[in-house]
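So that you can tell them apart, the chains are marked A, B, C and D in the order they are listed, and the count of residues begins at 1 in each.
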Amino acid sequence: MQSSIYTDLAMEARELHPELQGVVEQSEESEGIRISRIEVKTEEASQKLEKPRGRYVTLDAPELTNRPLDLFEQVAAQLGEEIALLLGSLASDATVLIVGLGNRAITSDSLGPKTVEQVYVTRHVTQYLPEAFPHPVRSVCAIAPGVLGVTGIETMEVVRGVVERVRPDVILAVDALASRRAARISTTLQLTDTGINPGSGVGNTRKSLNQATFGVPVVAIGVPMVVYASTISQDTISLIADETGLHHDEETLKRLAEKVITENLGNMIVTPKDVDQIIADMSRIIADAINFALFDADYDEVRMLIS
Amino acid sequence: MQSSIYTDLAMEARELHPELQGVVEQSEESEGIRISRIEVKTEEASQKLEKPRGRYVTLDAPELTNRPLDLFEQVAAQLGEEIALLLGSLASDATVLIVGLGNRAITSDSLGPKTVEQVYVTRHVTQYLPEAFPHPVRSVCAIAPGVLGVTGIETMEVVRGVVERVRPDVILAVDALASRRAARISTTLQLTDTGINPGSGVGNTRKSLNQATFGVPVVAIGVPMVVYASTISQDTISLIADETGLHHDEETLKRLAEKVITENLGNMIVTPKDVDQIIADMSRIIADAINFALFDADYDEVRMLIS
Amino acid sequence: MQSSIYTDLAMEARELHPELQGVVEQSEESEGIRISRIEVKTEEASQKLEKPRGRYVTLDAPELTNRPLDLFEQVAAQLGEEIALLLGSLASDATVLIVGLGNRAITSDSLGPKTVEQVYVTRHVTQYLPEAFPHPVRSVCAIAPGVLGVTGIETMEVVRGVVERVRPDVILAVDALASRRAARISTTLQLTDTGINPGSGVGNTRKSLNQATFGVPVVAIGVPMVVYASTISQDTISLIADETGLHHDEETLKRLAEKVITENLGNMIVTPKDVDQIIADMSRIIADAINFALFDADYDEVRMLIS
Amino acid sequence: MQSSIYTDLAMEARELHPELQGVVEQSEESEGIRISRIEVKTEEASQKLEKPRGRYVTLDAPELTNRPLDLFEQVAAQLGEEIALLLGSLASDATVLIVGLGNRAITSDSLGPKTVEQVYVTRHVTQYLPEAFPHPVRSVCAIAPGVLGVTGIETMEVVRGVVERVRPDVILAVDALASRRAARISTTLQLTDTGINPGSGVGNTRKSLNQATFGVPVVAIGVPMVVYASTISQDTISLIADETGLHHDEETLKRLAEKVITENLGNMIVTPKDVDQIIADMSRIIADAINFALFDADYDEVRMLIS
């Protein structure tokens, strides 16, 4: 029954297909952070996992739920290193566009807009006052394009308009994700060089933000903020099926799941009560990581001038 | 299995025990609003429903999810009338304390604090500048006492400190509730003369805000804002039990439910994505209703002077 | 000395040059709202007033400071009519882009972003689900492009990117203004068909949002939210000069004014303490007015479907 | 003319009376922070300065306007040390009540409420779960009592109610201040063992929060957030008087100042445009300083458990 369950995390998709060929994976752990690297290498694996071919890095730090300051800093530093790795060799004066996706008026969807508020923006300085920096720094700009239901404009139309003017060398996109497990909310971050690919990750170029559609590398950073309530019902039923041997009656169980979902859940999401705090913490971590990755040695200098 | 399922709504508790003696109920409907009146009359019924003896009025307006302006106004007007009915004969210069319960930093728990921000407060005028009103008006004051985890002080300790100074003739308390059904979020309001009685409504006087503990009538107004995620799993399992005839194996199902909940849900809540908007709408409706109920004929005059 | 004093209000510029030729003005008053209509007709008048040629409508309602609900509604209705007048004959299925200028993170500058959050957006419906409306309605979209210091991108670059994609028939821009008089904050609204023209209104096409630069009519709506602190010092000194006959020593006074401003004021603004409330009220009034003006007879239908 | 100019800062009051007897002062400077210590020792000095007898410590760090991270941390650490000094010997298990004064709905007045949101609160743990800490820690609780215009209840009535229940050994109060110089906003912090004494600091026990009225030591921490607009006019006029030798006509100047203020300024305040950011930064600094001062060696342990 799991085929109908959606997840934005490559790691979770992999867990559902642990034996699948065409996937290279590797993981390590240090100081409370587990890093998993998955590469989806074949088209077949991509179809099965519903994730485009490319690299996915997941940082997992369960202790983040206790909000220790040290770990916040370690995760930001580690994430910054991973972003730098995925960006590869980027010119010291490259132009970078940061895109904060999502709806700022809905707390659980506001990770992107909240993050772009906190990144160091330099493009106006590099363009109008370049002598303010002693040597070239990255030219960083940032937008939160809003969502279709609020602006009446496809998110990617807004992004495209900006890209045509700014002509970035690379795009960094930040978005809230959906997970299958509530425990991943606030403890997991995913980084990928495949960009943003809503739904199955196949087709739908209108809503995609990736190298194929925008012509420049797109690195996407996301954090699971919700579990769809329907996932919970489906998980419950799967578990009952597994443990009670009711597999022969899968149709009945599916019908029951639909009934619960329709009657009780509608458009509900499962989220921690303190989602406001988690958004504040996670957007801070991601913005720090981006600032580290993009300014590196110039970090202090930029901070002083910009913020 | 339903005995372990918690609800703050007397109406939902009644639905689980439709045949119970000692409960008087009556309902009516007009212009898209269904009003149910339940009176819990005996101690036995109170124990079974886990609700104190007293009157419970529920307003249900499913169309509120579409946010029609007219209905907002009708619900506010109707709720105002019901509040006035529960308050009974209150002196034209009575002192009223409005208590907004909950944690303003957690969106789904901020209904109380958000409501008290919008009620018309007159006590400082009636006390220091009574001649500002041509004739006596209710002396209204309002506090949001915060929650134990944020202040380090029991909510009711703070309320008691204020009550001893203000000496109100009646207390109106506003709080977010937990429901068993997600569909009730944003469409249902409950009003009761039993006050606030956390948990079972039995004992725990330390956390109660009712006539027995504070010596004055306490009318409580609440709106379901969350469904506990565990409720969803339990509902799914109950449904499966009912439909598949697995009742003989209730213990297995309970164990399975616990497993899903522990692994996947932890302290999660089920809430609509647009909870920020719902809190804004519902706090507006309740504040309007309270303003209508308390100032009535003086409404325009007070609004002009106060806001 | 007044030549160095800046105001965004044509009405205030006019007051400083009451005898100037090339200006047609007319005013009326009803139910507490004073409407002034100024048309700047000649290039010479435009230069002197530092305002582009075109029409300026000012609504003035001093009683708004008392926040009477009725007046809010009357001002919104009146403003809606004036917007419709300036828009002229606009096709029933015209595309309208609403641009909320300003920095949402600075309360006194957030009028534009706050307004666009409240307008009815229909373009996604007219484009993807036109049958949802029984007959054609205006196709409205809305963006808050941010400010250069936050995004690193010129505001008008972002707007231009969107305009090229959306191809609107008309643009409505909303922005906070600077006034010379604090009393105008929260009580005055200005409407103009000359668009947005920062500074003198002459040149600086890079920052302008008007018909000349964007090729479609641009109607701008603004409310004074701040008085520059320097204005206060200058006013004080002007008054002293006028009343004490110190005109012969204008240079000394100018030097003194500069000293006060440099030492004490820096980049300060003068604003009412309750600017948060005023922004909430004024953005509500403007959004209502825009919704009335653009949807008119379809208003209820659109509201029901959209919000 | 300066006698009518109000300031909350003892340092500014002292500057207006530099020769006054009965005041002991001393200052030092290190790493960009200037610390001034003033002690008002005699009743006569207290009357003249309109400040109660007691100790006032001012931290001044002009570079804070550039928001360097390092300096934020240094100021927080330094302020923490000064708080500890003023608190003197406080038992390791003392009960401390933190009071955040001001109106959270008005940005420039929200320093107190924003600070209490960020202090570490332990009283509920020390009371209900003392074994959570390996050895005794301070029992800290915190409230934001609101303001009279919003609650209808005198701020100090609410505080008194809480004090009677909590029985603190010491009270820490945080409030936004008014300064005479805009440059002090966001760069100056004042600490005093005289508590909160609105207006002249003489009489008005109803609104005071000090040892005399509450029976326990009260340490107050404040940051200038506004300059009253009237101060600007008065300063301008004083300067003109000084420089032009118009002293003989002080009455005329006073009349003129009043005219400017009445006509143009009303109830306006002078504030930086980025007051939202300044409140966020300053409340963070003060909360950090309080956390350092109260938990000291237990800091990490408390942080881990509490936040």
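Remarks
Here is the rule we use: a residue touches a chain if its C-beta (ideal position, glycine included) is under 8 Å from a C-beta of that chain, and two chains touch if they have at least 3 such contacts.
Because the structure is a prediction, the values reported are computed rather than measured.
Considering the contact criterion stated above, the chains in touch with subunit C and with subunit D alike are A, B. Seen from the Cα centre of subunit B, the chain whose own Cα centre is farthest off is C. Superposition angle, subunit B onto subunit C, using Cα atoms only: 180 degrees, a multiple of 5 between 0 and 180. Centre to centre, using the average C-alpha position, subunit B and subunit C are separated by 42 Å.
Subunit A and subunit B have CA centres that are 37 Å apart.
Mean C-alpha positions place subunit A and subunit C at a centre distance of 38 Å.
Residue positions 105 of subunit A each touch two or more of the other chains. Viewed as a contact network, the protein chains are fully connected, with every chain touching every other. Touching subunit B in their complex are the following residues of subunit D: 105, 117, 121-124, 139-144, 146, 148-154, 157-158, 160-162, 164-166.
Residues of subunit B touching subunit C in their complex: 66-69, 303-304, 307. Residues of subunit B that touch subunit A in their complex: 105-109, 181-183, 185, 226-227, 229, 232-233, 235-237, 239-240, 243-244, 246, 249, 252-253, 256-257, 259-260, 263-277.
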